[in-house]
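Here subunit A shows up in two complexes: once beside subunit B, once beside subunit C.
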Partner chain A sequence: MNIDFLIDNFADLSVTGLAQGAIYALVALGYTLVYGVLRLINFAHSEVFVTGTFATILTLRGIGIGPDDPVPSLLMVLLTLVLASIVAALSSGAVALLVERVAYRPLRRRNAPPLVFLISAVGASLVLMEIYALFLGRDNVRVGNLIKPRTQFTVFGADVTNRQILIVVSAVLMMVVLDSFISRTRLGRGVRAVSQNPDAAALMGVNKDRVIALTFLLGGLMAGVAAVLYDLNFGVTKFSAGFLIGLKAFTAAVLGGIGNLRGALLGGLLLGLAENWGQALLGSAWRDVIAFVFLIVVLMFRPTGILGESLGRARV
Partner chain B sequence: MALLEITDLSVHYGRVRAVHEVSLTVAEGEIVTLIGANGAGKTTTMRALSGLQPVSSGRIHFDGEDITHLRADLRVIRGISQAPEGRGIFPGMSVRDNLDMGAYARRDRHLTRAADLERVFTLFPRLKERSRQAGGTLSGGEQQMLTIGRALMARPRLLLLDEPSMGLAPMLIGQIFEILQEINEQGTTILLVEQNAHRALSVADRAYILETGSIVATGTGSALLDDPSVRAAYLGVA
Partner chain C sequence: MRTTRIFRSAAVLAVAVLAVAGCGGDDGADSAKGGDTCGLSIAFFGAQTGDAANLGINISNGAQLAVDQYNAKNADCPVTLEKFDSQGSPDQAPALAQRIIQKTTIVGVVGPTFSGESKVADPIFNEAGVPLVSASATGPALSEQSWKVFHRVVGSDAVQGPAAAKYIRDTLKAEKVFVVDDASEYGKELADILKAELGDAVVGSDTVQVKQTDFSATVTRIKSSGATVFYFGGYYPEAGLLRKQLTDAGGKDILLVSDDGVRDAGYVEAAGAEAAEGTVVTCPCVPPDKASGTFAADYQKAFNTAPGTYSAEAYDAATVFLDGIAAGKTTRADLLTWVKSYNKQGITKKVQFDPKGDVADKTVWTYVFKNGEIVPDQPVQ
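The block that comes next holds the complex of A and B.
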């Protein structure tokens, strides 16, 4: 136990944790959205995320930015980030839609029991992972330098870098957009209706298939943006990178209360913080253990998560 | 021509036969009721009509169109709206949002919503008082009003009502049935499923009696009210 280290670096650890947590939160939205309408954990969502990490790199290479190139001009960086976000979001969204079509919709037609959906989910996840391994290799793929971390300001002695600001701001922005889409638009109300009472939603004229496809698409778009931020933050990805972040995002979703959009944000940030505080305390080898201890404890003592179902309006 | 025409409708849950060769018609402007004991197949018939339950055999025609296998949401667009039995509301949405969901399928909802809301609030002043409250916090009776009001927001040509009196206090039941007659007089055709046979037969133009999945009697509401065997079986009068 290294309590002194934790105390001395508390602010720094917290800032790093928030940036990572914001990424978890964006990925967690995909689990929570799909769970909301289908009561299904889409285990292939981790590969939907990985799609975005590779789409980002392919976009960079496409416009001629290699892994060892120096940081381009600010204007170029901004344009690149916008372009990469669009490409990654669309790629992840497309893969999410494909997963729904191929792995789940045929099962819904046959009224398959929940366990079959779960098996199909794991299967889809493995198939996608191996496809990426086949075409992009099994080694780490380096992203390249887009942002040179530079301290912008200091809070409670913690240096906050431009990269961290960018990550947290983009993630929160995406979540605000999603939240208002779900609560304000007609299609969003359709999503909420299906999640609260599928039969009654059909009686209102809501096309359930379209709503389900929409939740996969939205989850995919969020995962795509998360993937860009992930690439920025860690600078490297891999065909199997989705496994760990997928499980952590799933933990974040459960922690906040699965099916609850604001819960995903809360769960993601908390998990990011806990991981960083925990690894300072126990050593970095314990980092991943912390997330899963969290998952087990939440499932044992409060399976509905922190916000749970109490926030009726915030539920999808 | 009948607005709704059901011909030899059968529905199965797995191997269990729930509805067997049921035929019935509802003409434009009528109130028709389908009465029967618990488990007679009333709710199953309703679910088949609104497309929630697949049909094993038989046909359903609405306004001349075969809708037997039409998707549920498309039936709403055709003008069939159902107030489902029991807790058919959206518990996490406000009363107001629940009512708005009723107009989900209408293209002209922006033009008609204010007038339709006003109409529902006139019929059910209670809903107006509670309009900001989450649907799940309403009492059973208020939830019942909400499902009926929500179905009206769709401006249906045919309103399907599943057990609107279930679990309500007698005074409230009287109110609901008065409101149903009012809605009908305003031009909505109604198919009403009820266990409360006396009330249902009193307001209905015509009625069908369902027993273990089959129709065993039909006639005008008043004729069935006077029928000795119906009185004995459904009205508790010897």
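The block that comes next holds the complex of A and C.
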């Protein structure tokens, strides 16, 4: 136990924890959306995320921003960021749609039992991972030099860098956009209807297949943006990068209440914080233990997660 | 009904394939016996894929070069190098060791590459009496198990750890050192040696995980400890990310000293040349250009890349077996006796083993990363 260290560095640990948690949250949305509609966990979502990390790198390379190049001008950085986000989101979204088409739709047509979906998802995940390893190598691949972390202000002794601000703000912004899309638009209403009662929704004229494809697409888009932020934060990615982040994002989704969009945000941020605080207390080797013990304790008292499963209920 | 039929025909087909494969295997064994001593192989045991594949490929290439050169001279009776990919993971090692043992044409093994996989695979080889010469497994405990088959052509971490500690204490004159390890067999052992050697100078320590990407808590720990040097026991993927994240968080001046598992271009790939600048690594390996003869040039020509960590050592390890085969030692038992009494100048050092399997010459070198390149610095005595 190292309580002094935790107290002395509480603010610093919280800031870095929030940045990591924001990325968890964006990836968690993909799990939550698909679960809300299909009641199954899309285990290939981690590779949907990895697609985005590679798409970002390739976009930067295309523009001519390499890992050892100097940081471009601010305007150029902003334009590149927007472009990279669009490309990454579209690539991830496309792969998510592909996974739905290839790994899920044929099974749904045949009314396969839920376990088969699970196996198919794990298979899709492995196939995608090895494809990336084949074409892009098994080593770390570096991201173009886009942002040099610079301290913007200090909170209780913790330096907050431009990069951390960008990550948290973008993640929350994406959440808000998605949340209002689901709750305000016509398509969003379709998603909620299928989530509440698929059969009734179909009878009311909602095209179930289209809604399911839409949820995969939305999850993919969010994962793509998360991938850009991940690349900015860590500066490298690799074919297997999705495994750990997928696992944590899934945990975050369950923690906040799977099927619940706001729950995913809350779960992600809380998980990022809990991991950092716990590591400070017990040592970094305990990182995953802390994450899962935290999950178990929360589920003991709130079996449906902190905010409950509520994509299905009319509120979201 | 239809499914049953399909299953039945599939089963028949499978049996047929197995029978054919079985015959093929028999033929191979026959020709090995019939053709006097030809058709023998040496196995390479180590990572060819996975996170630390670079280290394994450096080694298998070094061994491959030795075998190719031997075959050029002995074209009528060539030796094959068979590569067994462990992905560097102890989980896969036992099954892989069994496969090597069952293949009777394999008379010796270059490897296993890492200490973790050696710990689980070596007892299996020991039982079957397959001689091993590792070019890279540096765990001190490996030579303390009274395994009769174990040998290595590099000094162990019992030499490397103290050498790193000596470098930090005497050359860098660091008074505050932070020690990090990756919880692996290899990294933890080195970190423990460092902590014991440096004593009060160690102001803090932390353990990270293999495959971890976010090191923010460790970075905070290192920064708040006030250390001027941090030691990392582990491999290059984690070392590179940790270095980069520490530099990004304003810890640019905290120097990293690490081990032979980080002596790889993959480190620069993860950290970036800027953050990697100045990092010091120790290695019980000689600089490739210090290897005698035309090794560096031959390697460059064969693989279109400069020799890496332990490439030259692997060449020496394979040569031990090849010399034995040339001298007519063509069974595992004969080769084991041969290895034990081997005493010859290799390209990296004089190769001679003590009864525990450790090599006599154990010089440790330090290397420094400069402009993304690994530059030899000095031997630490």
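Odds and ends about this structure:
As a working rule, the second predicted complex is superposed on the first by the 298 of 316 C-alpha atoms of A that agree within 3 Å, B and C clash if a C-alpha of one lies under 4 Å from a C-alpha of the other, contacts with A are read in each partner's own complex, and residues count from 1 in each chain.
Heads up, the rule we're going with is that a residue touches a chain if its C-beta (ideal position, glycine included) is under 8 Å from a C-beta of that chain, and two chains touch if they have at least 3 such contacts.
Just so you know, these numbers come straight off a predicted model, no measurement behind them.
By the touch criterion defined above, A:206 lies against subunit B but remains apart from subunit C after alignment on the C-alpha atoms of chain A. Look at A:20: by the touch rule set out above, it reaches subunit C but stays clear of subunit B.
Touched residues of subunit A were counted for both subunit B and subunit C, and C has more of them.
In the overlay built on the shared chain, the residue A:304 is in contact with neither subunit B nor subunit C.
In the superposition on chain A, A:288 makes contact with subunit C only, while subunit B stays out of contact range. By the touch criterion defined above, A:196 lies against subunit B but remains apart from subunit C after alignment on the C-alpha atoms of chain A.
Counting contacts as defined above, no subunit A residue meets subunit B in one complex and subunit C in the other.
For subunit A in complex with subunit C, the residues that touch the partner chain are 5, 8-9, 12-13, 16-17, 19-20, 67-68, 133, 138-142, 149, 151, 159, 233-236, 238, 240-241, 243-245, 275-276, 279-280, 283-285, 287-288.
Residues of subunit A touching subunit B in their complex: 186, 189-190, 192-193, 196-197, 199-208, 312-313, 315.
Residues 50-52, 71-74, 76-77, 81-82, 84, 88-94, 97, 100-102, 104-105, 134, 136, 150-151, 154 of subunit B are the ones touching subunit A in the complex.
Those residues of subunit C lying in contact with subunit A across their complex are 49-51, 53-54, 183, 206-209, 211-221, 224, 237, 240-241, 244-245, 248-250, 266, 269-270, 272-274.
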